[in-house]
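Letters are used for the chains, namely A, B, C, D, E, F, G, H, I, J, K and L, taken in the order the chains are written, and counting of residues starts over at 1 for each.
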């Protein structure tokens, strides 16, 4: 059976994972996150491609090519969560199943972090579990795709 | 090895699951949710007790007894999400690991649903994946307990 | 012809009617309200069951059993009007015709009374006419049921 | 016994009733509303005069003459509901019993419709029951006049 | 010397003065207000024409003709104070000296009365002194015209 | 081929065009605007009737007769833009194609001008181009009618 | 002399006192609070009955019986402070002298804690002094009753 | 006949009048204002004492002594208008007739100037007429005292 | 044993106590308040110095000298409660135990009175009990000092 | 005669035009939009260069070079409309005539779309007419340039 | 060459510098700040006079005398920053070059500290650098005076 | 001694300095700013590298490499000041001393300019002094680094 193809997107500053404010974001690096996602994907009959950028435009470019190549997108929009309507529009336009994840519990930090412009176009949201937010998000996404959800 | 003991709490009207507005909440019943959680718990080396109530006070009473009996709480506060500071206080006082889940994507519905008074005292939040929100939430909770998180 | 069956619900503190702040709520007791409703129902080819509680959970429990037994609900949510999303959800889930009534004109008192979380799921709202709010609400409800409205 | 004299006022665009957005406002015409009100008034020992205008000033002029001629006013302010403080002042100055009605449930539509500048000077409000809002409002008004209420 | 010509405008419901809510607005009638203004004008070397209307459009029509005939406008916009941007625009377009008056202290009543859409285009505002608000406003206006103020 | 029939509506104070605050609104008169619209209409295979009023009610009366006579409405609501829900309702009820225009850029002036209660029921909005706002609006309207848009 | 009878009410989660977040609420238990209140009451010529519940409805039921049995109510509404209009209504309806107390200084914590829906119907409020808030509140209440205050 | 005694108070920076931002406040000095007030007072059968201070406390001290010595207060609170609740309380406590004046039209300047904490305790407000605001305010005050108004 | 030394501060207009709006503030004078505080202090093993001023700066000067002389401050900030951040800073800088009291229930009056800029730096707050607010506040303060609280 | 040179800018995701949410944005592609603009430009004596980017920075770079090469800019900022102050600054700095267009009526969609940070620096705005918004915008821009407007 | 004369103003509680909350404000005293400013002034060809007061009125009195004596003002308004419109008006009226400084980063503390009523009338603002805020502010001020800025 | 290494970052449109709106931003070019910074740095025992970009992503990329190479960052975020949480996160993650500067007084211009999302993660802020804001900011930064501040 052809495996599901999933695009994993990491927003700005996530390339610093493991080095940046480890008391909040932990000591796991982005490479380790991606490796863990690949392993979990394998168990779920899926393969992932992952992409990180500090450039809103590069993320949008990447999303625009995703429709033809992937069945779903797993995204941690990082700081773009709070203002990038352009990212939101790209995700909505892609027409793929979409799951939004965050490493930390964004509702238990500064007020500005509680508002996501991306959430209204996602199937669901997972936050607060560190790397596990990604892994659970991948499971959720595979399930959403399986039932034909957006 | 002693299995983890997890308390699963379902807020008001969730006993109607499967019959209530199935276009939003799906056709799975609460018994089926609990059965699925039990099965998943078994795989994770955990056992669950589940409790549903339409009474804020009964949920609080139940939470107050949980400290001595459980290592974590998985809760779908349903409509209490938006105003029950009493529930929040009970959960905070319990001092257990806490994961909040919702069947639907509460950020893609009416404005009042976007605000949770519970989230700031939870380890993390998962929403939008139907019954899978519960199952992923259970996985997340087991992991949170494993690392000693609150 | 089988009479319509209507559930009449009275929210918190309405059991005090006639004794509580009579300059606002009048001197008629809840028993008298129910008796007047029964008499009016008889004229309209309907029968009523009435229930009062100070417990949000008891009202929700009662509403959940109503679907199978009644064709409509007449409710004065009293103070729950302003915050009980749980009550609103129960009413919405019941799928019955629903009319909301208030003894006093809630728009001519303190600001917090002008907002009802119940109104958006009701067919209509009547307020300001004392016991007559109930009687007119009953008439309206019978009519709404007659035309198959929610 | 001298019948009560009631002034029925219809705000802007209500002359289009039956033709305008019938999915919201139904197919009954304003003449039919007035005829039904006349019939109901007869049963209640009252007579009505009705007046519709798209001109705020004409409604105010009409209200100013009402004190000497009527015992009460039944009004559907239509779109003036949301901003016409001038209409509100005229109604308050008339010193007659006043009931406000709306065909649709104004609390279940766009946000701007939930705020009425007229309600604070009315005895009570009825909305959501189509033509029945008028008929119930007439009954309520007759009762309010009977007990000497404003 | 040619007397100054002043247009005095009275907004909606002011024709009821003396009969309407006398505990707020006093027992003096609009005719008496106008007579007092005429007398005061005579002392100030001015003549007045006064106009009252419940129709926003009639007031605007009147204001539009004022440029050629008058040197200043004294207005009590009554309820139009709070929302009639059309009146404001007409007054601004007239290019005449403008003084706004109110019988009662609009800052010591309901919150909605504290905001005037007219004030930003007036030379000044006087409120709270009953009929004296008009008389002082007339004195102020004559002075404003005298120094060529708008 | 029968020409399209278009109703052009001008809100309050627009009869002063050319004389009123020319630094904002220019020196072209309303007659010149109408003449230019007639000429442009001829090129587009349409004829126009134009109507200006300072009376909200007259504009509504006029709109109510438009359904049977016209295929579209071009409106500059002027100051009514910001509060006349009655005008909005009349336009929505007419069921014709609708284009809203403004002479000045309402988004580059006082804050209150940025909100239009009419825009949500229009096909589109054009502002900032002086008389050209009208001419472009007419072109847009003819096109909207051509594709059967509202 | 007959001692004053005072009802002491403790809101949700206060049964956990001494065990719950002791860094905020201290290590004294609710039994110790009640014992201290009884001792202080004895000195003041009063006797107390105390009642704690996590159920809003039980507190309301209890308050409704209080009118006939007590001269005053001392309440720590805990989390109900911030949203329970039903509790507020019950307290207002009881018609007894009322004092509201809080263990912690609610104005020096999270923003949501600064707003009490109960305070407007109390004689006074005391917060920030731990168990002493209760004892001082009892003294205040006895004094309020003594001067016939509400 | 004993002349009325009026206290005239000038708030902070008004001692600079004539030198400070003359394009807004004009070139008349505070001494000239006081002289003009004295002259006008003489005509009205009154005498004035005037006091200016940049110290909120000195103004309050002065107001506190006024009850026994004066029948009314004429105040330009200047910048204290917008925040000095202490000044407001002193004025309210004085129990004298009170008129508030401003040289400029505070509603046509920066937003913060539109809100006065003093106005709700004044009989009326006059603004926008330069020195004439004071003179008209004095006339208004004498009239208010004459009818026993506060 | 050396008695505790307590500084009692009274904000603006409190020197008028007993004469100012007695229906709100009662008929007891400030001297009587101070005498009652001295008597109560004696019972508590403390002595007080009291100081009243209408001058924010004098209160701050006084507070600045308090660190070396007193163990705690009891303050009724009166109208400074709502805006004097300078007073708050002085109190915070003093580093002494601090209790804030109000004669009336500030939560049952005008909206602006519900917000205190001082409360966040106090140990606790007592309001609504007239002179008893002071006496209870003194007891609370002695207790706070006793346990080394701020 | 030298043709006018116009820069046409398309914001993020507009390269997807025709494929993205066609029920909102139609089935015309961006190439077709550009071709239609070129044809219309030719009729108007102008030539266009068009540029689309998902990168805010690339659009800004492009705008910075525009001053020397073009007489005007026609822009559809897409999602950048709502937050890109950097784009706004670049457009303001360019000092060229500027027209803002949108395919859909941004005032009849989600609330966040009603606010444009670009509009205050544009000459005018056109929205709601699909590709015609562009074509009319081009006409408007040519006219604006012709009269030397910004 | 005549040295520049600069007035340095320190707001309330700054006389406590070095003793007050040293973890925020450091251990340097106000005398040391003034000495450092004198030294820096000497290098810049300027002399300073410094003045601290806890009295808003004394600061205003001082500023009013400054026009004739100084070329610029360097001010740390301390807590007056957030509400003293009287201070702002005095500074604006002085007509001198003005620089505002703060020891701490007011944008990284409580929300109320982020708003300054003084900043809009200053040439510039410097905060966050402890005593260095003053020294840099002095340099900036000398430069502003040098180029004739306000 | 090894000189300090400082990274100077200029946000979008600052490459236009000297040509863009010189009435606000002056006529000095960015090259001149950088040259002046280099000269000042030399005096302070530091060297600078400067980087300007209109691309948020490029600035973030640059900041991410800065930790290893520099001891501090001096940034003028230009328009990114108001919304780029991504930039803020990058700066916070860098862990270097940070000073924010602005050429103009952002508090004396449009309201949106008063809010900076960057300030809470900076050591301090300097604005309003043209090029001098940069030079003073560099001095401040060197001092901050010297005392080991962030």
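As a working rule, contacts are C-beta pairs under 8 Å (C-beta built on N, C-alpha and C of every residue); 3 or more make two chains touch, one makes a residue touch a chain.
It should be emphasised that the depicted structure is a prediction, and the values quoted were computed from it without experimental measurement.
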Item to check | G-I, K-L or H-I - pair sharing over half of the B-G contact pairs | outcome: H-I
Checklist entry - Same or different: do the copies subunit G and subunit I touch each other through matching residue numbers, with over half of them shared? => result same
Next on the checklist: Suppose each chain is reduced to the average of its Cα coordinates; what separation in Å results between subunit E and subunit F?
Outcome noted: 32
Checklist entry - So how far apart, in whole Å, are subunit C and subunit F when each is placed at the average of its C-alpha atoms? => result 47
Item to check | Gap in Å, rounded to a whole number, between the CA centres of subunit E and subunit A | outcome: 63
Checklist outcome for this item: Multi-chain contacts in subunit F, i.e. residues touching at least two other chains, fall at 55-58, 83
Checklist outcome for this item: Chains touch one another in the pairs A-B, A-J, A-L, B-C, B-G, C-D, C-G, D-E, D-F, E-F, E-H, F-J, G-I, H-I, H-K, I-K, J-L, K-L
Checklist outcome for this item: subunit D residues touching subunit F in their complex are 11-13, 15-16, 19-21, 53-58, 78-80, 82-83, 112
Checklist entry - How about subunit A: which of its residues touch subunit B in the complex? => result 99, 105, 107-108, 116, 119-129, 132-133, 136, 139-140, 143-144
Checklist entry - Which residues of subunit L touch subunit A in their complex? => result 55-58, 60-61, 64, 83-86, 88-90, 92-93, 117
